[in-house]
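Take a look at the structures listed below.
One chain, chain A, links the two complexes that follow: it is found with chain B in the first and with chain C in the second.
Our next item is the complex of A and B:
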């Protein structure tokens, strides 16, 4: 019962966030100084259109009627957005939803691999460092983690691009899929996709540095706790202690870090995809920004945020599975 | 007075363990009420000053003196501050066609780090970027930490409706993907390359994480005896939060300040690299952007064009990370305790499981 109540509350929270983001984007389109609608009108009029024609076009593109009073326009905008009508791209002349839906899987593909691998590495390295605290391995790995944490992912991306691609020619310099291979479920195509995704995923691995430092701190704290001493006194094997006691308790706080880094990584995909010319959501958004393609830009913004909301929702919902103590009324514990 | 009351008003944790053995009388009464206890020692003003000096000045400095990470971190950060303040007056700003295009680094004193394809001296451009970056870091870091602490502290302490409202707002900001939000806002708001405004804008999506972390810490701290004592004395909530609870979290907050600073650098340079933020002056990100659009990644002899701003970015981040880690040690009571022990014993490599308990009053001191 309690669990269901907590889950419902979390779901309501997610819906609230989605609503807030849609409202924010409406404000950006309509209300803010330098808002999207005004900027588009000015641009269309500069291209020699009559004000009436410009209005018509803006209405068509943004699916927003400029003449309506704010509150009606707001309700309409929210309803349209929730139904998936984000307007039409000015540059591509296609519905924004179609463009975004085509690009989203590529970004998700790269990001999920990056998050999974970097946290795996981070947790493993952090546990090793904590276990041999003060030893040579600890010093070495800590230096590695500090270096990794100090390199922004795009710096690593550029370096990988220069060396692994342009100088040594091991990996392709850009793009997301092999040319001349039929798209579909065949080995060459899948291998080509992985081949193209390698460098973007590798550059995101810098996140493992900070993660491993966090894991190291947590593990050291757990290693010093009383119940661990009891576990040792009970004569439990080292293996049981390190996996069931230390790792499990030290990983829990990492879960929150993971959650927050999901949002950051989604945002980072803009720069990442720009460097590798990887045609995903980020690159689409970047181009929309440069072409001042407001419908696509705002649609991408809303979609990325909703993607983050869903990712966080899934992660939160599964948290009680990772930590049974947080299942009940104790949802405040993270 | 009941047994539970006695527990709550216990003056010190260290005493509790041995006292509870004495006073666990089954009839529920107690002879030694803590309200009647008078300190055995007179503390003069001089003693108090000395104690303050020990906790705030002597201990941190001696830990920093012994910790190589702290030394390197401080040196690096001070070096950047020096570059951003005094260096600007020592090094002349560079201009187009000051030197030959793409001069190699470490060859002449005139262009120690080489030049870009328009003949601008990269060394001068790095130095002159620093002050603007430092302004962004300062504004962004302070904004994140202040907002995160205030919102998280109030939400965690107040609970109820206030908590629900503040947590919902925090959650919205946690969900905002950083870079796209900043891009869109930078396009629409009139910020005109003001570094302070850009710094605040860059962290607009990143204070949420800190607020959430602070909130969950406050949730545990509000159960502590000292908070309850303050509450029963009728101290107003805001005073309890900001005078009693938040000082306990200061170490955490300060470490987060260095993290926030690093994040500001990363996102600032990243967005300047994309060329989506307005700027009035060259900075590391802009140089990266120029190098990338100038094709430095496939041109021969242009590698330094990338490497110079990269080293500038990575250098200050290493400094900040090391600084954060060493501050962690300065504030970490276990390290403090271990450090104090060092005078008497040889260095203990093993983790002392008891030190966690001893540490609690010391957090209060810090």
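Our next item is the complex of A and C:
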């Protein structure tokens, strides 16, 4: 039995995670031995700045004041972060927020296509497999799905890069937009964008393997259920049965899988964008890492965490709306 | 009555059969060989009769239901013929219908209600869409049909608007089952096939539904085929009964005939093995052996391996239907060795005269003598319950519960963050002491809190108020304080064990039986070495009838039958050397004929291991059996309160609380003497009130036939209910001087 306002608790949990991430990033910057602040100070001083000037710069960059007592600095940092002030990138010398905002749409673009196509393929394949359970198609697709499910996406990415790009030259090996075309709402540009996004999106399709196996299992379960048998006896049309009975009940549990995979894909985008040299959030963070650009690193870290937390929160909160069963129960079980 | 052995379909000898089944056989090709899960069954269903089919699980009774609608699941193959005769119009050859005709035929002419009402509705769609889609699939007028649906639902004592607007999971089991009945009648069929329609429900609901079925049948002019494992239940309802064993009918006749002059040894043994309230417990005996495998049905009479009367002839010659009502034996054209070819098989074509009683047994005449129903207990019989002495309840209690409360909070609706959550008062102020070697059986309907209370007693559920004490120590204090040296929470955990209703879930699926049983032994008897442990386990397994034990030790749980899993779970609990075992519906998942055996085993183990039991059950006959054999008590729980407690003598024969009386009424009894038991339903409402908002005053007043005005205001406390020891009830009627007796009745204006 679920107890008091789990939604409230779930919300509190999400807020706690966000707070924990912000605190952790503060700690990394400020408290860790060899911490970001110290490292930056050293770097500026090496560049021949006076300690006072270096200090001033650090303060500006990290949006925290090294001289303030730690608790005041902490409160300020949290407040700044919550207001969207994530400091200034050392390398780019631009506000972190602006950098992230410029990169994010590209990543979201690849991710949303990946997710959409993977789940579309996964659900369709799973349904076919279940329908001909045990047949040739089922066996074939199952092996394919298991294979997809067990390859890490970056291996697929590298294979695609080697073959589709270097060997056969079908797709570009990197970049996110066509060169020499004016950015804007015109066919050439949009085609160029899609063209550049193809390989990253294809690499992420490994997710469809897992999705199709999940869908297959769900469908088989629904096909064997009592309510399906009763529906058939009641003489419902095949159309009603396949859409309202099988599809709805089999796709529903996929909803959570979908939102969870959003989180996973965000994490994966760092490696993916590096492999394809695709200038999105992932590549930005990767570079920040190499350049010890702490403000940018921490900013990206916070942003990704918040995105994942929100995705999961939405999944949980809306599930009871998508699936009526997740709501209250009757009392037969006491 | 001696005539009509006719098998010809064109010769309607029956007064007015609505369905004629001839030689229906269902085969499955399996690796091990062909299996016949319905073996040459023939039956005439009279228009407007209720025909009961009784059989244990695996007897083929559900196949018969599927066959009626030509809905045998693939790859099963149905042969024979099924003719449906509508009131007006030509007979329909059901097995000859095309797919489309069949789609129309089902539900419009013959509809079906399954046991799986819990899962017969699409979980993501509201109830009303189920009605609407059925109506439109059959091109019925939807508005008119929904009007009918509302009528049906209110005839089944539910609020149509509420039910139609609910999702399936929002209805209780009993409501779902009744809604399914309404759904099956929405297209006004002539025949309703009900396959175990009440099996998953508690007794009071079962009985309420059975009385409703009678009303519904009259009102909607139905013919009903009622399939069940529960002979006493259907006995109350059916005009005729057929008993199935090994995929065929072994006895068929009018209900009274079957009950009073059961002539097939299996029927007699089945009647005797069913726990009930009327016969002395010594008369309840399990049937030895187990039902045959469909691939390998014994030759001759399929019952000969288990039959006390079996002889040479039974092994060789398959008995045909002998007419019982008239002792002339009809041996028309019986080929011996008839088992090989289905065509020459002697079959039981029931005489279409409904007065006929047939039994497929060569020695039906001797059966009553060899298998007497009441044996020598005859005289003391029914009213002289005399339970075992039971423990002395004077020493300190083993586990004592003081005013225990368990309140659950339920969640609100979507995005409903701040509203007050509803509180379910699953247990509300129960006090109970359990002593050494004591047995308490808690009975009550689903949702009354008995399981939660049981879990609280063994420390699996923390009470929100009140105390649970083990040998005087509050166990939850103990958990928080970490123990005081003399006792730790761990000791308590070991001393209080649970055996679940579903034994499969309690055993680790990846562990062999031997390994599962070794774990507790290693932990609690570290002095034993490997060989000692093994021999201990072997002897226990043999003791509970699982031999050769060496063979069982190496099996995984899924290789055991339900009863065997239950035994392993029980042994495992016993090996912890517990002081108290909570057994949650330990036999309700078993076939009726196995229940007595399992209960006997539990009682025997209790003596051997010196434990106490807390049973939870919805079945008063099982409760009585256990409590009477062990000298225990029965506690009746209603909406989180203990409303009556006492020894079985009092609870069964002198119940004081009106709710206990209702449970008593709901317990079906095979009536050997003839004459109905039944009677009017003693409850005013079928459904249990919403536990988040229990009625004021006496919680039973909304259903109580004796309720008076004071009951709506004041809450009755447990009170001495009779002169007998340990007998208490929480009802004003136990107090001769209570203002209740002057208070006006509130039942007249009600329904």
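Please note the rule applied: the second predicted complex is superposed on the first by the 270 of 334 C-alpha atoms of A that agree within 3 Å, B and C clash if a C-alpha of one lies under 4 Å from a C-alpha of the other, contacts with A are read in each partner's own complex, and residues count from 1 in each chain.
The rule we apply is simple: a contact is a pair of C-beta atoms (placed from the backbone, for glycine too) under 8 Å apart; a residue touches a chain by one contact, two chains touch by 3 or more.
Keep in mind it's a predicted model, so treat the numbers as computed, not measured.
Once the two complexes are laid over each other on the shared chain, residue contacts for A:308 go to chain B alone; chain C is not touched. Contacts of A:237 after superposition on the shared chain: chain C is touched, whereas chain B is not. Of the two partner chains, chain C is the only one that A:11 touches; chain B does not reach it. Once chain A of one complex is fitted onto chain A of the other, the partner contacts of A:226 extend to both chain B and chain C. In the superposition on chain A, contact of A:133 is made with chain B only, not with chain C. Of the two partner chains placed around the shared chain by superposition, neither chain B nor chain C is touched by A:84. Between chain B and chain C, the partner in contact with more residues of chain A is B. Contacts of chain A with chain B, set against its contacts with chain C after fitting on chain A, overlap at residues 225-226, 229, 332-334. On the chain A side of its complex with chain C, the touching residues are 1-8, 11, 225-227, 229-237, 240, 244-245, 248-249, 252, 317, 320-321, 323-325, 327-334.
Taken together, the chain A residues at the contact with chain B in this complex read 13, 16-17, 20-21, 28, 32-36, 133-134, 146-147, 149-152, 154-155, 158-159, 161-162, 166, 213, 217, 220, 223-226, 228-229, 256, 259-260, 263-264, 266-268, 270-271, 274-275, 285-286, 289-290, 297-298, 300-301, 304-305, 308-309, 312, 332-334. The residues of chain B lying in touch with chain A in their complex are 168, 171-172, 174-181, 183-185, 187-190, 205-206, 208-209, 212-213, 216, 219, 262, 265-266, 269-271, 273-274, 276, 288, 292, 297-298, 303, 306, 310, 313-315, 317-318, 320-322, 325, 328, 334, 349, 351-353, 355-356. Chain contact summary for the complex, chain C toward chain A: residues 69, 71, 73, 103-104, 106-108, 111-112, 114, 116, 119-125, 129, 133-134, 137-138, 167, 169-173, 183, 408-418, 421, 424, 426, 446-452, 688, 690-692.
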